[in-house]
Amino acid sequence: MVISPVHYIAVPLLAAFVIPLFAKLNREFVRIIPGIVLLYLSYVSIVLMNQVSSTGTISEVLAGWAPPFGINLVFSAFSGFLASLMTFMGLVIWIYSYRFKKIDDEPALKFYVLFLMLITGAIGIVLTGDIFNLFVFLEIVGISAYSLTSFYRNRDGAEAGFKYLLLGAFASTLILLGIILLYSSIGTLNMADIAQKSHLIPTSLKVSIFILFVVGFGIEAEMFPLNGWAPDAYSQAPGPVGAAFSGIAVKAGMYVIIRLIYTLFDIEGSFQFLIVMGLITTIIAEVSAMKQTNLKRMLAYSSIGQMGIVMVAFGIGTREAIIAGLFLMLNHAIIKGLLFLSSSYLVYNDDNKLISSLSGLGKRLPLVSFLFALGAFAIVGLPPFSGFWSRLYLLLAAADKELIYLIAIILIIAVIEIVYYFRVINKLYFKDIKVKSDDVQKPSINAVISMSILGILIIAIGIYPDLVTSYLGNAADALLDKAGYIENVLVDINN
Amino acid sequence: MNTYFVVLLILFGGAIISFAINKVSYLLSGIVAFIATASATVFFYLNVDTDNFVQFSLAGFDFQWGLNSLSLLFTYIVLGLGTLATLYSIQYMRFKNNLGYFYFNFLLGIGSMMGILFSQDFISFFIFWEIMTWSSYLIVVYNGNKTHKIGIKYMIFSGIGAYAMLMSIVMIYADVKSFLIADYIDYISQVGLSGHYLQIILLIVGFGVKSALMPLHVWAPKAYANSPMGYTSLFSGALSKMGVYGLSIVLLSLLTNFNTGENVSLGGLFEGINAEFIRIIVQWLGAITAVMGTLYALKQNDAKKLLAYSSIAQLGYIITGLAIGTELAVMGALFLAVLHAIFKGALFMAMGAVERQAGTTDMTKISGLVRKMPFTFIVTLMSIIALAGIPPLGGFVGKWLLYEGMITSGHYFLVVLIFFSSTAAFLYCYRILFGIFLGQEEKETINVREAPISMLIPMLLLAILTMVFGTYPGLLFEPIANAMSYIGYNDVVWEMSTISNVWGDKVSLDYVSLTIFTVFIVAMIFLTIKNYKGTRYVTTKDISTSGEMPTENENLTFQLNFFQPFERAVAPLYKRSMDKIYNTIGESLDALFNFVRTIYTGNGQTYALYVIVFLVIMLIFKDSIFN
Amino acid sequence: MKNIIVIALLLVVGFYLVDSFNYIKFGDNRLGAPSDEKTVGAYYLNNTVEKTGVANVITAIIVNYRGFDTLGEVTVLFLATTGLGSILYRRRKEGEHEERVTKESSYLLQTGSKILFPFVILLGIYVFIHGHLTPGGGFQGGAIVATGFLLMLIAYKNFKLGHNQLTWVESLAGITFVSIGMWGLITGGTFLENSFIPKGTLNSLFSGGIIPIIYIAVGFKVAAELTGVLDILLSIKPSKIKK
Amino acid sequence: MIIYVVIFSILAVLLVASALFAIIQKDLLYAVIATGVISLILSVMFFILQAPDVALTEAAIGIALTTIVFVITIRNTTRNEDEKEINSK
Amino acid sequence: MDFGQYQNIVTISVYGSAIALILIGLYAVLIKKNLIKIVIGLSLADAGIHLLFVAIGYLKGGTAPIFSPSVVGENVTMVDPVPQALVLTAIVIGFAVTAVALSLVIRLYKHHNTARIDQIKSLKW
């Protein structure tokens, strides 16, 4: 069997259907199978990424019907990069959650199935070449996310889940409306075909469709003012899930926005729109993060802020800016992942997740605190950690377009980030110890391994950014090459 | 392997090793740190070569490392002081916790400072700058608990400074398409300054934060005073000099109109403002920093804080000298920069010794330590003489050059300010001497002993250096002259131990020193013999007030409110503290932020409403957003 | 006040929707000429019979052309069951999953249900077996089967659904779906390719290659999932009534 | 022909009417039944619009299952929309 | 099916009722405090969307897209099958979302002892 992009979807689905059966044999399978799947997918990622860099974009036809009649998957350097990133994050988070104490035995089955499907759905969104299929994957992500958000019973998870669901349902309504209008005006659902034919739609209608899509997917991408769900969901979800949201689910929403603007619709002003929305999102989120007393919530707002900066990067639209944006996404995934993962141990026993409860934990949980501090240093963009390079790229791209105000705002935001992250670090290390040593939860060995992987990656990329920049360059080229995308997908039809 | 890489490898590797080895023995950690700095120093000066440039490429940018005469001058400060400070810290830090952490950041700090000096391009400059910042932050908060607000303040200001610098750097890259500092200087000399004023100002802000320039200095006093003293000597002596180094690049290489001879206008928003204007601003800021630093130093009761403010004041002199930019002024400024590192390093170490032995440096609590800690006293005495600029020690030469430079270039009012601040410096110097070492002994300090030998050695070495440079300033003039010729001041005139005044009179310093030292030593011997017997001890705090509570107005304990009359005279100046202004800004921002976050009401329905409102706004304005 | 604002906002949305649908005339032929296969709908209408051997074009689309969507859709239902289970999960020791707390219903209802039940199930199965021939298919049939179980769940307090069986049916049906898809890959074609079973003659029960097989699997899966959802919901202990 | 048009118009009016009823009605059970009615009307409309598959699905899922799920929820929570504020905890 | 000269009436009733359904549903979501009412609103909006989907697939004089024995070989116009296939998927997904939403409502009610959304906001700012 040749390795192809559909493995990203089919194998996890098969696993998800198999897990309930194997669970009857031995409950340990529930935890192991997702890991095996993710490992396999990592292998698939490596193979396919190599293939892409040598032969170019892979467009896989499904069910034997060439696009636009069938559904297809597109594994380009761009979408492939995101899919690989998601797989990697999924694997790391799986390692972390393997013995996460709070996921006790009985609902573990549900947790792992939902978690696996969250990743699969996000990868599906990134890979699919069909707008309605994308919607279906969005719903897969959505339903697993709602359920995972309200996974814990002892907290306000249900409240957060309901808010998420409410906005998510809004999103699907708007997206479906967009699909209706789109299909009825050009009679196709394939994204390459849409890109090819979108100039046939009357401009006013096209803009309306675009707005419906942007608002719909903007909810997933945490665009202000559509992101009311995010802080609640992040703070109430189990620790690994928070990391998965910021590292995987949000990336998918962002991907769609990028696709809409770069490939599907050719609308004047959409780039500026993205910059402005990104800036507003960032400013509001970072300002809100400043005054948080809840650690997870603070991280959530910070995460929204980062996504805003990603939007800004893609709004600038030059090749350098896209590289910066992708780099930001990568960094956001690994760094925010590390922060979420380590913070769940820091506030393990505090139901309110208060920052003040961290007092002196640096002594009690030295490794976890160290990793958290490392993540904090990296996310505010201090060299020599990976966060610095992405920010530098972004600033250079902005300077290239002479967007001086943008540079200033991004840097002011960076100062705000310094304030609230260093407040936490101060609490961790330089305050009197309040907790007894019995009251802290020592991280399990696999949690340590997964967090260390992320930590090492942060330092490695920080010291030697060339590790990833070549991939990012290819990805940026792939995204900008709209004609190539259409040609690759519709190769049978157009010739 | 290249010299630069090896030096950095030794320092950063040493950092990691001393972090790891702390588990084995707490003493070993410090010893490793000392060995690392010492070997880096030895290796560096054996292989030093100012023409050796290394180029490499990372993340798509070209980097260049190398040394020039200017940065070579600053390496003396960093490595010299660094080695002595690590040696000092072995004993000073001996009984404290987390030594691995301390030395890790310590060496990281030294390494990154060396990195800054090696960097010939803005981006590695910035990277090392940031490493230096966060490693020093981690030491500022080392003492825990009370320090965290200080740490945050330090980090915020450093962040503002660093990001101002970063903004400037990316704008420079957009213009020049290169990160090399030399390229930018070339570029500016070709196209002139117009259109680049923002870059320059941002760079000055960036460097100004580290060199504690008004109004960006508020982080400094507490950060200096609250770090472990072994580090503070480096912090105030070397780390702040990185700001001076940066400023000297900006002020002397970029803002110069001595090379081109033209008076470039900045244009744009800053129409009518030119390079000279920026220089004047910086001069005045420097002078004001000097005066304010001195005034605040007078108020302090804690010797550490006093020295911290004094550092700010001294940096003010240096910056003023650099901003004036005539040959003499620059020479004086650079001389002072080195000297300040030496005597302030010694002073902070001495205070560290006092703190370690006596438990506090509060001048109202201890006194009469001269008998207990004679060597520390001597070091303090000599450093303070140097600090106050009294001949024959080094500080005198620097100040002399500075005054001369200012007078010959016609900055009379600045001279008055600097002179005022210098005179006032006598007062607080006296206070340290008097408050801590002289006077009568207290009960509390009966058991105080002299500091261990490994702490005394660096202090004494530094003290001797002030004397050497006071007598033979030519030793230091040579590298300074080289550095200045690199910047563009050709044919700098200097002599080994002679300085001249405006009128051409020459004074030979070695005779002066010799005379003064002879007199001094004879006097000391005489006084010691005379005072040896017949001393009567009365404790100073045993005050009888006929049953009434003493109030503060009654100056009963002489250490308290030492300079009250003087303070009263300048009281209006104290009122307008920058601290208060920043606090007000901070509080109002806080309130604003608290207001903004109420957008997230917690009601899911409101969020849904936001979606619809957003949708409607987009639909209504769709023609203007997407034309 | 808030009312008025919301109504105004919604009217604006409505206005723009109406405005948009002005471009899309109801009942217009947007498929293009029958021979123009570049329109997706036209292509399906022209080629389904010939290329898939299925009479019901919608079934062909759902199961084959856009079979990947259906896979996702089945997964969504599967996730809904799982999610419901995790949201409404209670530990066993609290004794809530054990029995439903419905009142014993009337004899009439019980008897009626008992009689109706087999017929409903049969109807459902018929619907999804004939999905490729007549309107209806896996989803509809599955839903009908679930309705049948619903009847029994309501009528009989002690009607036990074998959780094991449900899981087995659900999992096996899902595995069948994916495996058939993977088989296409293994045999060198594409995922879900309808190539390895003969197409048969149009409008006969055994036609359409893998399409009916998949639709039947979908039917079983949907039935199991919907029944599972209902079972979970019906097993909730009602909260104490607050006055 | 005309009969379909008439039926269709009436159904449309009924549709909106029962939607309004579902919104206004304070008794949630009636509101839920109104949504069931909406599904029923919809499935007739689908049938008229030549979408028998959709009609069947809407009938099976919309009328039966959705309504049942709503009813179960109401039984587990509250039947009255304006439930009194409950402060006893 | 062909509505002949009454096409306009049908147009208005289909589009009008569908859009009305969507707006009424959204109104309920935005105004009604009761969680169940909100979910009802969501499903109303969904229903409107489904109607719209089928409506855009409709084609004047078209028949259902099934090649039953009676139509094979004859030249018949059929309605667009794609929207119907999509709406099938959408209905099932809508049901799934509704079920999850309602289960959350049940849990919220147990947790907060109320089903009023404006009283369930322990997470804010």
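As written, the chains take the letters A, B, C, D and E, and residue 1 is the first residue of each chain.
FYI, a contact is a pair of C-beta atoms (placed from the backbone, for glycine too) under 8 Å apart; a residue touches a chain by one contact, two chains touch by 3 or more.
Bear in mind the structure is a predicted one, so any value in this text is a computation, not a measurement.
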What is the touch distance from chain D to chain E, in steps? 1
If you check the contacts of chain A and chain E, which chains show up for both? B, C
Report the chain ID whose CA centroid sits closest to the centroid of the full protein CA set. A
Chain B and chain C, separation of their C-alpha mean positions in angstrom: 73
What whole-Å value do you get for the distance between chain A and chain D if each is reduced to the mean of its CA atoms? 37
How far is the middle of chain B from the middle of chain E, if each middle is the mean of its Cα atoms, in Å? 70
What whole-Å value do you get for the distance between chain C and chain D if each is reduced to the mean of its CA atoms? 20
For chain A, residue numbers touching 2 or more other chains are 132, 136, 139, 143, 146-147, 150, 153, 158, 161-163, 166, 170, 177, 184, 189, 204, 208, 231-232, 288, 291-292
If I count partner chains per residue in chain C, which residues reach a count of at least 2? 6, 10, 13, 16-17, 21, 24, 30-31, 40-41, 44, 56, 58, 66, 69, 73, 76, 79-80, 83-84, 87, 135, 139, 229, 233, 236, 239, 242
For chain D, what residues touch not just one other chain but two or more? 52-53, 57, 61, 65, 69, 72-73, 76-77, 86
Provide the full list of chain pairs in touch. A-B, A-C, A-E, B-C, B-E, C-D, C-E, D-E
Spell out the part of chain E that touches chain A in their complex, as residue ranges. 22, 26, 29, 35, 38, 42, 45-46, 49, 52-53, 56, 82-83, 86, 89-90, 93, 96-97, 100-101, 104-105, 107-108, 111-112, 120-123, 125
Going by the contact rule at the top, pick out the chain E residues touching chain D in the complex. 1-4, 6, 9-10, 13-14, 16-17, 20-21, 24-25, 27-28, 32-37, 39-41, 43-44, 47, 50-51, 54-55, 57-58, 62-66, 78-79, 84, 87-88, 91-92, 95, 98-99, 102-103, 105-106, 109, 113-116, 119
Which of the residues in chain E come into contact with chain C in the complex? 3, 7, 10-11, 14-15, 19, 22-23, 26-27, 30-31, 55-60, 64-69, 72, 77-78, 80-82, 84-85, 88-89, 91-93, 95-97, 99-100, 102-104, 106-107, 109-110, 113
Of all residues in chain D, those that touch chain E in their complex: 1-2, 4-5, 8-9, 11-13, 15-16, 19-20, 22-23, 28, 31-32, 35, 38-39, 42, 45-46, 48-54, 57-58, 61-62, 65-66, 69-70, 72-74, 76-78, 81-83, 85-86, 89
Interface with chain A, chain C side, in the complex: residues 16-17, 19-21, 23-24, 30-32, 38-41, 43-44, 64-69, 71-73, 75-76, 78-80, 82-87, 89, 91-92, 164, 167-168, 170-172, 174-175, 178-179, 181-182, 184-186, 189-195
